[in-house]
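Chain nomenclature is as follows: A, B, C, D and E, assigned in order of appearance, with residue numbering initiated at 1 for each chain independently.
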Amino acid sequence: MPEQLAFALEVTANGLMAGVLYALVALGFVLIYKASGIFNYAQGVMALFAALTLAGIIDGQVPFSHLINAVLGTDVHHFGWHVPAFLAILLTMVVMIALAYAVQRLVFRHLVGQEPIILFMATIGLAYFLEGVGDLMWGSDIKSMDVGLPQGINAWIDETTFEAFGYGFFIDNLDIVASIIAALLVIGLVMFAQYTKQGRAMRAVADDHQAALSVGVSLNFIWILVWSLAGFVALVAGIMWGTKSGVQFSLSLIALKALPVLMLGGFTSIPGAIVGGLIIGVGEKLFEFLIGAPFLGGATENWFAYMLALIFLVFRPQGLFGEKIIERV
Amino acid sequence: MKDQADGYVTADGRQIGPVVMEMKNITLRFGGVEAIKDISLDIREGEIRAIIGPNGAGKSSMLNVISGFYVPQDGEVWYKGSRRAAMKPFQVAQQGIARTFQNIALFEGMSVLDNVMTGRLTHMETGLFWQSLWKGKAEREETANREVAEKIIDFLEIQAIRKTPVSRLSYGLKKRVELARALAAEPSILLLDEPMAGMNVEEKEDMSRFILDVNDEFGTTIVLIEHDMGVVMDLSDRVVVMDYGKKIGDGTPHEVRNNQDVIDAYLGVAHDD
Amino acid sequence: ELVFPSLSYRTGPYAANGIPFADGYADYFTLLNERDGGIGGEPIRMIECETGYNTEKGVECYESTKGEGALVYQPLSTGITYQLIPKATADGIPVHSMGYGRTSAKDGSVFKNIFNYPANYWDGASVAVKHLLDVNSGSLEGKKIALVYHNSAYGKEPIRTLEELSKKHGFELSLLPVDHPGQEQKSQWLQIRREKPDNVIMYGWGVMNQVAIQEAANIRYPMDQFMGIWWSGSENDVRPAGEKANGYKALTFHNVGDDFPVFDDIQKYVVGTGKAAGAGDQIGTALYNRGLYAAMLAAEAAKTAQGIHNTKAITPAQMRDGMEALEITEAKMTDLGLPGFGPEFSVSCENHGGNGLVAVSQWDAAADSWSLITGYEQSDQDVLTPLIAEDASAFAAESGITPGC
Amino acid sequence: MLDATPTPDAQVETLLEVNNIEVIYNSVILVLKGVSLKVPKGGITALLGGNGAGKTTTLKAVSNLLHSERGEVTKGSIKYRNEPVHSSDPAEMVKRGVVQVMEGRHCFEHLTIEENLLTGAYTRSDGKAAIARDLEMVYDYFPRLRERRKSQAGYTSGGEQQMCAIGRALMSRPETILLDEPSMGLAPQLVEQIFEIVKSVNENEGVTFLLAEQNTNVALRFAHYGYILESGRVVMDGPAADLRENQDVKEFYLGMSDEGRKSFRDVRSYRRRKRWLS
Amino acid sequence: MLYRESGDFSSSYAEDSQTFPIKFDRYRYYFVMFIAIAVIPFLINDYWVNSLFLPFLIYAIAAIGLNILVGYCGQVSLGTGGFMAVGAYACYKLMTSFPDVSMLVHVLLSGLVTAAVGVLFGLPSLRIKGFYLAVATLAAQFFLVWLFNRVPWFYNYSASGQISAPERTFFGINITGANTQAWATYLFCLMFVIFSAYVARNLTRGSVGRKWMAIRDMDIAAEIIGVNPLRAKLTAFAISSFFIGISGALFFAIYLGAVEVGEVFGIQKSFLVLFMIIIGGLGSIFGSFAGAAFLVLLPVVLKIVGVDWLGWPTDIVAHLQLVIVGGLIIVFLIAEPHGLAQLWRVAKEKLRLWPFPH
């Protein structure tokens, strides 16, 4: 049986790592929700868009080449240079900030004070739009994402655990990097939200757009700031997931893995995203290992993550760390 | 004369009945905050009972206890002679207790008429099946209740905005619609939480008129929270004064007005007129 | 005018796979038009319709093109194929689901208008096992084989076959479903790492492939013991894993690379004239070749039909006859500039599925190319024939068809 | 309780000028049909009128909060310090020194009372110390808020929220405050107190007030000048002292007839309302 | 003036609460009905039916169902795909188990089965609200799809795991399978659309509808004025799922004929139907139609314009299509946040004032 135990431990450890990756996506949702009460359906597409842009820039691809070629009959594809990863990340960030600015100017500025469902709707439009633009801009072939992150089994953990348990644990290097980055992100964002005036204003905006306006909080500024931050988080998530699976349309579907995390951690809590991610990661992996695969024929992870979150919610309707839903008359 | 258990007749000839509702030693806490501290009060049938007190005294909380939204940690609620078991708010409403809210709680997405009609919900019982067919039972019921609602709309002079979505109304009109919704329920007890906040004197006069008329015509018992002393003193039969969750006075307007505790805690100065 | 609709998907989750196939399909027809003036002198008109791999759009595409005189449909998605099986049959238009769709459509006595030559999913599974037998000197007794599959109708296809084969050859089969889209496969690969199966077979699609190969590399699963079906065997699937994908195997029913005379023609007549369907960068990739191969088979069937009915402008019904009488020989392929490009096979009324000849290819990461490492081998007909007969007769019973030729 | 303040002399600069504005909601509902007012610097100007008259709408037009309600100023102009402010956004208005206390409180429910107040100081850049000082000042004005400072605003009583909203506006150190029904829901002695605060802020710090108020009695006692709105039009204006003496105002806004104030119970018969228009 | 409201006076409350109190509206409505029932069936062919009318009609039913839940009762659900799958699989099991029973019965029964499942998954809505509930309903979505994929009983143990609709008739006319006539399938679906719209309209204008809307706008206040939230929410879930089940059954049996659950009834479907009602207008029956039409027609129209007329490559058109649909959604929202239905209403209000600006 100790072997089973070791397996379970390994599964748990990997669940934790997977959870961190989910949390990275969930963080983007939390940021925007916290700052505007907008449930940003486009977060997944933003991650895709960021990753596409990064891959395209690194590769020196000509944006919109397909469209240009079709319309002008030219035959351009590449600039013929390769941009170093670091610079490319900076450039991508510039693009994401520009995107944030455009989103604010063209969309949300006109929708201040509307109900959440309507803002949600606008992000749906945005998702369609970005998906189309991303495809037009960079093409829909699979690009590999190589910014020099390590990947593959971590030898040190493998050996150490082998000595300790007689069974070497598999932990992916990429996951370790992701965990470190996620931890840094969360610490940074929590500090930002809790201790800065912008952070407080952000929460105020989420509560009441009008009132925030009335005390002079500039929604424009706050929203551009937050969408840029979310763009940054999307970029990080895009890099991680893109490294794992190549950059392609399906990247936008990782949003689906983030939703149960979000729900469990609470839509408004930055630490909640991480804790939620860890619980979901471990929960779904252990369930698959202990019950799903042996008794239910496997592939239970998707629904189990949601069921787990659902069960939590029945006891805490605002998620683990979410702000309590104020019910008063 | 007020001790007569079966009621009495007021100076202006209204019949006040026996106690219909009695709150016994109610204590309500929220975490560390004690919103209501061991308060008892009774409400007689057909009377206008005012609750006054400084901000945060626990008045609204008391209404919430009556309407079943807050469950007190301690104490009992007696209604019509028997102790009320733990109850959901909607069950309380079905017993004939309707109310308005301090922070307007109208259904913003619906028209004024629909809002008033929601007040009639406790009187409508056609099942899903008949409603889905509409013709027949459902339509008849709708029309009957619509008549009641229209009467109240006329009564409150909001005919002109009948079909307007509530979200487009100004604050004061919303208050009036809220009263209409509560009246539409034809309640036996009507709880009003600052119905006249945000109105000018003329409108307060109208509002007072409505309240008195309801009380007169239907014998509705009314519990009223209001900060306008003029209104309170003129309308109410008895007044409870609360401060920091405690009851510091209870009696006729005249008695209360001259109670030193009340003056200190609430009125500030003895009210001139 | 010969109308060939192309239900392509250049958008959506599977665009990366849809683009090369559609390019290959289109380029071959363009080549025929440019070089030969069509088929038998009759010009070809290809109508492309974007499905996004979405069933409903597929229906729209079918309905909007069928009136144009479409000769044969290549639906390119299992979902759309299932839609079209009854519809196209009723409309008398043949469907060629090449290497996908409903396996039992091989039984032409039941599925009169549906063709799935030269190979189907069950052939794939069988040849995979056969290859493993070869590698393991003829015996799989006591070996463990894991099947990693897309948890959908498509992914579940080989299970029956593999179960039969495991009984026959005495290997142990374990099943590892991966839910759509398959970005997160930690559980499955940890399980593989624990159980250490001797071989892994994969029926994957889309991002699932890339992640699986990546994860296999991460746990250092030997790549040459890992084999995918042809839909898990494109450049797209292995490239994201880089070096580490070296040695990964995939089944295929056509050849790889661009070392065939026909590609010179394509360069000359299609790319050179600026009529290439895509950017031209897909030529010679596994999926491009598959598209080209599908177009070639369609053109050959049309030729056969022209021969049978002695008319140039054939109808869909005549096309169907051509498909049913199709015979692909080495000589023919050499003629077409495609020597050894696919297996030799012939189609008949009873057998719409060809001879079940499948080869194994292997990825060479350094050379960035696939290469065939076996010849075309036939699947285990003893096992498959009864399975197909069973499923086909069930369908016949369900939909009230009297089988017959 | 006679505290009628003298009307500010005529030379005083006009800080805010609203010129014949028309406001339309949702592109169809015409609400203000030409409202003009002038708010002198350092004065307290009251905006009176019945429910739905357009007081709130006027204030929102000034603070530019209309946009978020799909309302629009279609005609006329609004000038602050002689600069048109028609197209600036609310945050800009606050930077210019105009802050609005919204009707119906609008506290940030999930923030504590103290955080609410601090958010009020969002636009300020004069350092933490100054802000802390003003925080103390607000707490001194409203001791009740100090008691509840760590509670989430959503869980405080209606009156406490009203205090919070007013305190929040004070925190921005504005030049002009637009007060929408400040007395609503406050206990009588607090109403007095609030107006005393208004008065002292006005006198000591020179803050200009434009207030919409239903409590005409109090409003006219503290204001210098008043406008009466009805159905989106200004129907009367004048120095507060004059208005208080006006017969109609007395009857319909102060509830007084020649015999003095009458009891609410005695208003037996239905009256047709006095309307200047219609 | 193009649009007259004055001059139409109701003299009774019943008259006032009819669906189209204005005569002009009423006549236009009769006209549309007439066209739909008596003209279109004679004009359409396979293309029109299969690529436009059937999806439009069936999505309209689903949209009406979801609108009851989301638009009227305020419970945001992303489980639509899963519930449609329940309808489809129920229909399949019924069709194959009782081949001689009328399709009408099967479809209605599928609706009932779905209603039951809907109520089950509606239970958490008592505690969970807003977007949390939306995400929670995804649990239903994923679980149901997994279940139908996993348990062979549901697909009658067929080798492929797909379900295919056998041929069935209605009054002797083929309505499922390959040998159907365009008009027959059209009319069969239209019948359910009219039924759904009629029932939904009646329910939403009466006391049930008001209970739903009260819960939507402010659930606590609703409870305090006497609405039993559990009852109201569960009836909304039941009725909504009933319609969604019907649409799922039709989607499978009439429109597609063969279905693979993960692909056809996946999460994308849930989003699609939700988008329809938001674009169309929450809390509006007309909006359900408008939204369904918008999302079914627009891509087809764009495709026809882009590919057939302008001759652009299909992929560029497909991408542009995304950009345009996304852009249009945003433009519409900014013009009128409450959907096409509201846009229509405001347009009418303006027409009424025309030629005066206001």
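We take it that contacts are C-beta pairs under 8 Å (C-beta built on N, C-alpha and C of every residue); 3 or more make two chains touch, one makes a residue touch a chain.
Just so we're on the same page, UniProt names per chain: A = Amino acid/amide ABC transporter membrane protein 1, HAAT family; B = Amino acid/amide ABC transporter ATP-binding protein 1, HAAT family; D = Amino acid/amide ABC transporter ATP-binding protein 2, HAAT family; E = Amino acid/amide ABC transporter membrane protein 2, HAAT family.
Just so it is clear, the model here is predicted, and its values are computed rather than measured.
**Student:** Would you mind checking the shortest number of contact hops between chain B and chain C?
**Tutor:** Shortest path length, in steps: 2.
**Student:** Along the graph of touching chains, what's the shortest path length in steps from chain D to chain E?
**Tutor:** The distance in steps between these two chains is 1.
**Student:** Computing the C-alpha centre of each chain, which chain sits at the greatest distance from chain E?
**Tutor:** Centre of mass proxy via C-alpha means gives D as farthest from chain E.
**Student:** Averaging over Cα atoms per chain, report the distance between chain C and chain D in Å.
**Tutor:** 75
**Student:** Give, as an integer number of Å, the spacing between the C-alpha centres of chain E and chain A.
**Tutor:** That gives a centre separation of 32 Å.
**Student:** With chain centres defined as C-alpha means, what is the inter-centre distance between chain A and chain C in Å?
**Tutor:** 35
**Student:** With chain centres defined as C-alpha means, what is the inter-centre distance between chain A and chain B in Å?
**Tutor:** Using C-alpha averages as centres, the distance is 50 Å.
**Student:** Specify, in ascending order, the residues of chain D that touch 2 or more different other chains.
**Tutor:** In chain D, 26, 29, 155 touch at least two other chains.
**Student:** Which residues belonging to chain E are in contact with no fewer than two other chains?
**Tutor:** Those would be 146, 220-221, 224, 313, 315, 319, 322.
**Student:** Would you please write down the residue numbers of chain C that are in contact with two or more other chains?
**Tutor:** 10-11, 15, 19, 151, 179
**Student:** Chain pairs in touch?
**Tutor:** A-B, A-C, A-D, A-E, B-D, B-E, C-E, D-E
**Student:** Write out the stretch or stretches of chain A touching chain D in their complex.
**Tutor:** 112-113, 197, 200-201, 203-204, 206-221, 268, 323-324, 326, 328
**Student:** Using the touch definition up top, name the residues of chain D that touch chain E in the complex.
**Tutor:** 24, 26-30
**Student:** Show me the residue ranges of chain E that touch chain B in the complex, using the header's touch definition.
**Tutor:** Within the complex, chain E touches chain B at residues 12-14, 16-17, 199, 202-203, 205-208, 210-211, 213-214, 216-218, 220-229, 235, 239, 283.
**Student:** Help me check something: in the complex, which residues belonging to chain A touch chain C?
**Tutor:** Residues of chain A touching chain C: 7, 10-11, 14-15, 17-18, 21, 66, 69, 73, 77, 135, 140-142, 144-146, 151-153, 170, 172, 241, 244-246, 248-251, 253-254, 257, 284-285, 288-289, 292-293, 297-299, 301-302.
**Student:** Please output the residues of chain D touching chain A within their complex, sorted ascending.
**Tutor:** 63, 65, 67-69, 89-95, 99-102, 106-111, 115-116, 118-120, 122-123, 152, 154-155, 168-169, 171-172
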